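What follows is chain A paired twice: with chain B in the first complex and chain C in the second.
And now, the complex of A and B:
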């Protein structure tokens, strides 16, 4: 190549290079210009922000409440926000259920347990643009303190519990901020399963709910369920106390398995081991032999049954009754069924709001019962099942499907969801059950059913030490292990009987729910130990 | 001679008073006996004056009232080892008087286990509705000892309803129809179709026109009753029947007894003399 050619090439190169360089320079210049513009804008904005934020003191995240001062401020409950409070300026503390900005306004729904109310921050002489923006950015579930004036609305706000008023916010402070990403959305947790499928919206499956129980319990449905459960406990206590029963507490760490060895939890007890009580049976009876006449107890029951069903828990709350009677164990049945009827009546008359709330997510038929309670004999139940085509022996126990079928037959004929089946065959009952006086095949024992599922198993207990020993031997039980139990009856024991129900199961069946974990706050089953 | 001497009654006066009391007592007994006979004479078919004897004992057996044999197994199906329980759902606002009467007749014929329940759809009922089937039987703890169950449930139902064998029978609605069913457990319907139709026709008249009808219709029924009772002692002929039970209860329910024409009044007294209508009258008090 000639020098000139090379020179030419270099020149071209140089030209290309300079072109590139020029382009580069241009780009950089543009960038710089843009940056400068942005910067200018920001400073301008900041200036405006600082200039125009006249509401700076009326919102924000204050210091954590560490009891710095004792404010004598009255906080109004959301459920009390009615048209009577119209035009009043009030303070309240609630959770932010939702917040949604719309131009110069931000709509919030503030929630307190089952109640919620619409609130609004609007740009005006009380709130600035920055305040509205702040409100729109508050994360869901955060707890806020709000000062607002209550205003009547012309059109009812259908989506809130407080339908006749809304709040116009003057001040809003975040007392406790929630993390931005929630493990589950409350609206999804409350959505009925069918609706979720139809509209393609999410529902939350049970395991997720149970793993994040603290948030799941905040939903209106959960609040209603556990308030109703509290009512059941309260009615149980009140009814029995009025009947002259005494509440007792029984030990849960015991030395011998009471019901029958297989399903007990073992605990290490210093140098030996002990068991967690499967039921308060032994101790209830000892109290009767100790002249307490009529007792009841409310406490945990532990069953190490590896059953993963919709109605079994490894730990549940047992409501147990035991009473001495005069001449016939039906006195005990009458007492227990009357207590159950009083509970049902109490729930029917005082907890309709809670029942309706649960029904919104889990629709079911209302619970029906008769007063006095229907009592059928076991032979009648077997005859009804045989009439419906079931084949079973006279002394066979009822299988779960047969129990459900019998429940349906009884419902059809008598229109009741609660009944007692009396005089079970002796062969299928525990060793301490008193046999029938006339027919050795049967016993003085009974089961009670709600919506076709068993909720109580009870009987007249054997109060004679000799007969008890004979029956235990017949059941091939090691007499050494139950020596102290038999001893209780050696020094004068009145005829007595009783039974126990599971709180969670009763609530589940009363509300027509399908899984006992829904009525247990922090359920325990073979696969779940937390939360 | 003064009656009181030294503050004491003269023994002669005492003797006189005693004789007077004795005569009065005999007079009252005679009066009661004559009244009893009078009632018996005016009541067709009555063997004895039951209104007197029924106040003495609650277990009056009038097995002669309904003749004709009936067998529960034939009527209700074989006993499968379970109590044959008849379930009646009634609205407490309209107690079924005729069924209560039939219940007491059934109890005299069979061993009946009677229970009354209040359904959860009703908040409360007056106490007389809870005891309308009489006192609880001493053996009621052993259901298998009874031949028949009679379970009355006070429930918020639009129309009276009876359920018996859920597998084989649909529910029976209406007091008239349930009355027909229960009556057939006591005695068969008349074999003669004309007589049977007559009974049915009176039943329908009673429940539809007398109870549910306007004042005009009621008056018409009373006139019809009057003319029928002019010809025969009881509504369907010479014998007391379901027609009489039904009409009497409906007349009682509508309160027309006092203003009824002559034959009807006589018939009402005859019915009462038979002593079956105690439960119905008790309820209306």
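And now, the complex of A and C:
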């Protein structure tokens, strides 16, 4: 390049540089101006906050409740907020379900278990702008104490359980603040699966729900499910107690596997090992031999089955029944089916709200049953299956698909979701099952089904020590391991029978749910040990 | 397989003298040696020939349009049905279900040889269907049950059980 050109170039460069410099200066000036503006605004705001907050004492985050004082204050329950309380000034403690600011107002939904109510903080003579802002910023799920007046509304608030009233807040304090980021949103957890897909809104998958069980259990659906489950336990106890049964507690740490060695958890027991009980079977029977006549027990059952299905847990709650009978084991079946029917009736009559709440998220058909309970013989069941094109042998056990198909056939023919299948083949039952007196291929044993899935396996038990020994030998069971069990029948044992149901499975099937983890508060399966 | 079908077809048509067939190639395409000319090759071709031999032309369709439809279904049987994979089965059943929504027979309103051959071809698929699936493809099941009960058709195939009532309601999973 020539000198001139170089010079020209430098000049250009200089010009370019100064242009750049100018631009830079301009930008910096703008930035500074903006900053100054912001500062001015902030100071102005601060001034207003300091100036105008006449409601300073009516909101805030008080000191943590460490039982500093005994306040003689009555807290009203959300479910009791009805038009009858209109214009009363009340206190209540609830969770903030949602909070939404709209100009000079903040709308909150306050929730207590399955009930929620709309509440409102509005700028006026009771609430300041700062108070409204505070209310809008309270994180979801925080627990708040609220003093408010109850007001009737002309238009029903469809989205809340309390539809005829709303609260006008005078004072609001945060008793326990929730972290801003929740691991899952309660609205998402309650959304039916189909709806989520259709409208593009989120639903929460089961694993996330189970990992954050404490929050998931707060949803209306979960609250309903476990209240119903509590009802099942209560009805079970009450019905059996009224029939003269005695509740017993059986040990869960035992020395020998009761149902076969494959699916049992081993624990270290001082210098030796022990097992977690797979069922209270042996102890129930020993109680009968100890003259308790009719017993039941409610307790955990541990099965180390590596099955990852929708209906298996490694730990579940077993509701077990055992009773001595006079002449025929059908006395036992009748007693058990009557108990089940009482439970179904109790749920149908007293837990409709819960059932409807669950159906909102998980629609299903209402549970149907017959009185007296339908009882089919195994051979009849096999015949029905064969009529539908299934090929199976007379002494074959029912596979799960066949059980389900039989459930549908029975539903279609008899219109019931609950039935008993009696006289199973002896070959597929445990060694302590009493064989049929007339046909050695069959046994005095039965299964009960709800919506086509097995919920109870039961039978008349062998109460004769010699026959028991023979059957155990036939099944190639080590007699040493069950010596104390066989011994209990050597000193006079009445004829007896019984059966056991799984609480979680019964709840799942009654409600028409599809996964037993939904009805287990903190489920245990081969892949889950926490929470 | 194809040979048994042809002998069943002969029985249905009432042909007194059973023909002797041979097969060709790995796909075992049936061959019929004809005294009067070149050998007949292929299930569809031989079936049509047998129908003509038995003097039952109505089984090939009564109008020109129906005859064309019958030929189409015979083609379908040999090309789509005989070599279908597991994934194809769902598509085939869905299509057939839609087609049979408003028809009693495959072609026109009469029983034709298309019904017979498609019935033979679809039998192995129907045998493996669960009750719930049979209810799902309700038109195919209805037509299938009708054909398998048609006098003289079934012969070498075991009957497939079809339930009269629906046992899966619309809300069933």
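Structure notes:
Definition applied: the second predicted complex is superposed on the first by the 490 of 531 C-alpha atoms of A that agree within 3 Å, B and C clash if a C-alpha of one lies under 4 Å from a C-alpha of the other, contacts with A are read in each partner's own complex, and residues count from 1 in each chain.
Just so we're on the same page, a residue touches a chain if its C-beta (ideal position, glycine included) is under 8 Å from a C-beta of that chain, and two chains touch if they have at least 3 such contacts.
Small disclaimer: the values here were computed from a predicted structure and weren't measured.
When both complexes are overlaid on chain A, the residue A:405 reaches chain C alone and has no touch with chain B. Once the two complexes are laid over each other on the shared chain, residue contacts for A:348 go to chain B alone; chain C is not touched. By the touch criterion defined above, A:384 reaches chain B but does not reach chain C. In the superposed model, A:372 lies in contact with chain B only, and not with chain C. Once the two complexes are laid over each other on the shared chain, residue contacts for A:323 go to neither chain B nor chain C. In the superposed model, A:414 makes contact with chain B only, not with chain C.
Of the two partner chains placed around the shared chain by superposition, chain C is the only one that A:514 touches, whereas chain B remains out of contact.
Once the two complexes are overlaid on the shared chain, A:277 sits clear of chain B and of chain C alike. Shared-chain residue A:184: touches no atom of chain B or chain C.
Residues 387-388, 409, 412 of chain A lie in contact with chain B in one complex and with chain C in the other. Against chain A, the residues of chain B that register as touching in their complex are 80-83, 85, 87, 89, 115, 117-121, 141, 143-144, 151, 153, 155, 163, 165-167. Here chain A touches chain B in the complex through residues 328, 330, 344-345, 348, 367-372, 374-377, 379-384, 386-388, 409, 412-416, going by the rule given at the top.
Those residues of chain A that touch chain C in the complex are listed here as 363-365, 387-389, 401, 405, 408-409, 411-412, 514. Put simply, chain C touches chain A in their complex at residues 130-131, 160-161, 163, 165-169, 171-173.
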